[in-house]
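So, here's a batch of structures to check.
Heads up, the next two complexes both have chain A, just with different partners, chain B and then chain C.
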Partner chain A sequence: MRKVAVIGAGMTLFRRRLLETGKEMCFQAVQMALEEAGLELKDVDAVVSGSAPDAFDGVHMKGEYLLDGAGGVRKPYMRVFTGGGTACFSPIAGWWHVASGLADVVLVVNEEKMSSITPHPQYAFANIWDPILDRPLKPNLVWIFAMEMNRYMTVYGIEKADIARVAVKNKRNAVDHPAAQLADPNITVDDVLNSEVMAWPVQRLDISPPSDGASALVLASEDVARQVSETPVWISGVGWCIDSTMWTNRDLSFPEYLARAAQQAYGMAKIENPRKEVDVVEPYDPFDYKELHHLEGLLLADKGEAPILTREGVTQRDGELPTCPSGGLMGVGNPIAATMGIKTGEIYWQLAGKAGRRQVPGSPQVGVCQAWGDLMQFSSVMVMRA
Partner chain B sequence: MVGEEYRRWEGDMEALYVYTAGVAGDRFFREIRDNERLMGTYCPECDVTYLPPRLYCETCFSELNEWEEIPNKGRVDAITVAYVDDKGERLARPKVLAMVRFLGANGGLIHVVDLPEEDVYRGMEVEVVYLPRGLRKGSFLDILHFKAI
Partner chain C sequence: MGRKWRGTPLTAADIAEGRVATAEWRPEAKYAWSAGESIGRFLEELQEGHLVGRKCDVDDTVFFPPRSFCQEHFVRAGEFVRLKNTGKVETYSVSYLDTDARRLEEPVYVGVISIDGAAEGMGFMHFLGEVEEKDLAIGMRVKAVWKPKKERMGAVTDILYFKPV
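This part shows the complex of A and B:
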């Protein structure tokens, strides 16, 4: 397989509602990514579009709808979809286009316009459940997360305050992100613990917001990357894995599917000891406890250890393992697939030394990004090197 | 087994949507509502004018900031006559629909033609008829129909 680099990234503002159509948001993100890569649309060989359920935007076959805004007209074009996991999975699809030799330059464009669905995106989530076994109970999406979070807390004896620290860290980190929707420089653990209870133990400030937004990456073969970029960031390992769709057949306290995806990615990247070798990580954090869950699934913390690392400051931007230096979904926002901009995009900017006020110290060399989705039992992982 | 014997449940996938007009669409519909005119965006790089207008050129990806008025005179390019509605129900009166292209514009508009089927033909010249001012809301239905010139 050929070497593949990320040579440009871009993203729109993340906001509860933007005037821009989905196509227009895609255009804005692509324009930024191409500009950073020093390329034009005519240099692009193929385009990968990533987006979560059509039900958010309210346009069926959204991939086709977004085509011209994503720059895919008269080019090989495909949409990939793994729910929230699309945030790191469409970059993997872009990677295989280049690694296989099919294309030298690929655009990856992710989009979500969650403001279209009213009164709330919950109306789409209400229909992801099994119509026979789950829907008669009229579940809210938060319920299942609440059970998972509770199971995680119970098995490892975790205090809610130690989970709330993730929300505080990420919302504070987001102050340095120009696209952020929910940055808060003054938020405290007490604010999180005193916020409205949605489904115990999940409270309002444990959850990321729904957002409109788009993000884009430019991927290139080694030849092209070395010609046009002074700071290519190499994709050195990829992995993905999905567990049973039956909630009742999963281990809720540990994301085994993620550990498998991570092992696949580490194996390809020749990472033997991730805890020692990974310098910066962007795990998927739609809920504060998910960052902890995912650090453990990524084998960057022992089971039940991530809250302790968080309490000790290890995961702060200047800590030993900077985690979600972007501000994450908790702080920057959660336009599902478009969070690629704060996962793969952020690791690219961090390793390229272009993260500005968010830059973690010590010129990081190895980064990991991860996303999670489908029916909350899928993960995609990418290892990147400066 | 046949249908009646199956154990089954009813459900729906209920959702209401609010779609934003977009940056280009916002001006397009304001111009129709306030000024009764069709406006397109021009790409100097590719020498193309998009109707409906777009924020970007799909070919070179330039951001388009130049707006041009499209003369209200088009030609019918393709026609269909609909006998059923969007739910598959029989229409009381068949609906003639045309794709109309405008001189100098890339793209065009699809809308109803206010003529009997037998009077509409490919190549015929038509113009846009707008709803009266005051009834216009800044949407695609501010365009009432095409009529023959």
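This part shows the complex of A and C:
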């Protein structure tokens, strides 16, 4: 396999509603990524598009719909979709295009426009559930997360306040992100604990918002990367794994599928002791408890230990294991697949030393990003090196 | 860095009051699903007031809800097995949200209930009832409360909810 580098990243603002269409958002993100890479569209050999359920945009076959904005016209082009997991899975698809020798330069473009569906994106989420076993109960997607969170809290005896600290950290980190939708420099644990109960134990401030946004990455082979970039960031391990769709048959307290995906990625990256070797991490945080769940699944904390690390400040931007220095989905926003910009994109910027006010100290050398999706059963993981 | 962070934020009112050009569409698609072999039998048994699982003949694992093949051994599943009407709450939530994210005045209690006689931890989602919020607990023993027989339709809602034993 050939070495593959990220040499540019771009993203739009994340907002509840943007004027721009999905194609226009893709175009903006791609332009920003190509500018940083110092390349033009004619240099791109292939394009990977990532987007979550078609029902948000109301256009089926969204990959084709977004094609021109993603820069894919008359090129090898494909769409990948693993729900929220698309955020780190489309970069993996981009990686295999280059690693295999099929392409030297690949654009990865993720998009989500959740504002088009009215009255609320929840209407589209209702179509995710099993039509026969689940939908007659008229479920809300938040239920499934609330039940997972409750199981996690109960099995490991976790206090709600220790989970709320994640929301506080990420919304404060997001103050330094120019694209952020929900940054809050003054938020406190009490604000989270006193916010409206949606589906206990999930409260209003435990949850990331629906957003519009797009993001893009430029991936390159070693030859191209060394020619055009002074700060290539290498993709040194990838992994992904999916567990049973029968979510009511699984113990929700630990994401076993993620541990498998992480082991695959660490193995490829020759990471023997992730807790010692990983300098910065962007786990998927659509809910505050998910950051904790995912740190444990990534084997960066023992089961039930992530809340303690959070309480002790280990996961702060200047802590021993900076976690979601971007501000994450909790602070920057959650345009599902487009959160690639604050997962793979953020780790690229951090390892390239280009994260500006979000830069974690000590020039980090090894970073991990992760995303989570489908019916809370899938994870994608990427290990990157400066 | 000189990066250009672009995007033009809109408010809900910008759209509702026609300050930007928009177009509308309402899909009218309607679906009717065949429940399939195993879930079809499951629904028929529900109408009769029974819960059924289905066995893998390789290691006698009892799946609940029943399914037509074993995802581990990848063989066709064996006999259907009638299970008890009782089980255990594996997790639950107290929800103030309806399916369209509108706020409910009174919350609904929803949980995952693993069924006695099925493999460890194999359950399904259903409501919890005849219980105070403060008494809800993971590990709580519960039993099914059925609709009157003539109102049952062969659907998971033939069970009204599970109540504490």
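Just so we're on the same page, the second predicted complex is superposed on the first by the 386 of 386 C-alpha atoms of A that agree within 3 Å, B and C clash if a C-alpha of one lies under 4 Å from a C-alpha of the other, contacts with A are read in each partner's own complex, and residues count from 1 in each chain.
The definition used in the following text is that contacts are C-beta pairs under 8 Å (C-beta built on N, C-alpha and C of every residue); 3 or more make two chains touch, one makes a residue touch a chain.
Computed from a predicted structure; not experimentally measured.
Superposition model on chain A: chain B and chain C are shown accommodated side by side without a clash. With both complexes superposed, C is the one of chain B and chain C in contact with more chain A residues. By the document's definition of touching, of the two partners only chain B reaches A:30; chain C does not. Touch criterion met: A:140 reaches chain C, while chain B stays clear of it.
In the superposed model, A:68 lies in contact with chain B only, and not with chain C. Once the two complexes are overlaid on the shared chain, A:132 sits against chain B and chain C alike. Looking at the shared chain after the overlay, A:194 reaches neither chain B nor chain C. When the two structures are aligned on the shared chain, A:227 is found in touch with neither chain B nor chain C.
Once the two complexes are overlaid on the shared chain, A:119 sits against chain B and chain C alike.
In the superposition on chain A, no contact is made by A:365 with either chain B or chain C.
Applying the stated contact rule after C-alpha superposition, one finds that A:58 touches each of chain B and chain C. Superposition on chain A places chain B within reach of chain C only down to 5 Å, the least C-alpha distance between them.
Common to the chain B-facing and chain C-facing surfaces of chain A are residues 17-20, 31, 58, 115, 119, 123, 131-132, 136. Within the complex, the chain C residues that touch chain A are 1, 3-12, 14-15, 20, 25, 27, 31, 33, 35, 39, 43, 63-65, 67, 71, 90-101, 107, 110-112, 119, 121-127, 138, 155-157. The touching residues of chain B, counted against chain A in their complex, run 9, 11, 13-26, 54-56, 58-61, 63.
Of all residues in chain A, only 17-21, 23-24, 27, 30-31, 34, 40-42, 55, 58, 68-69, 71, 73, 113, 115-119, 123-124, 127, 131-132, 135-136 touch chain B in the complex they form.
Interface residues of chain A facing chain C in the complex, by the touch rule stated above, are 10-20, 25, 28, 31-32, 35-36, 58, 115, 119-120, 122-123, 126, 131-134, 136-140, 142-143, 146-148, 150-151, 154, 178-179, 196-202, 212-213, 244, 246, 248-252, 354, 356.
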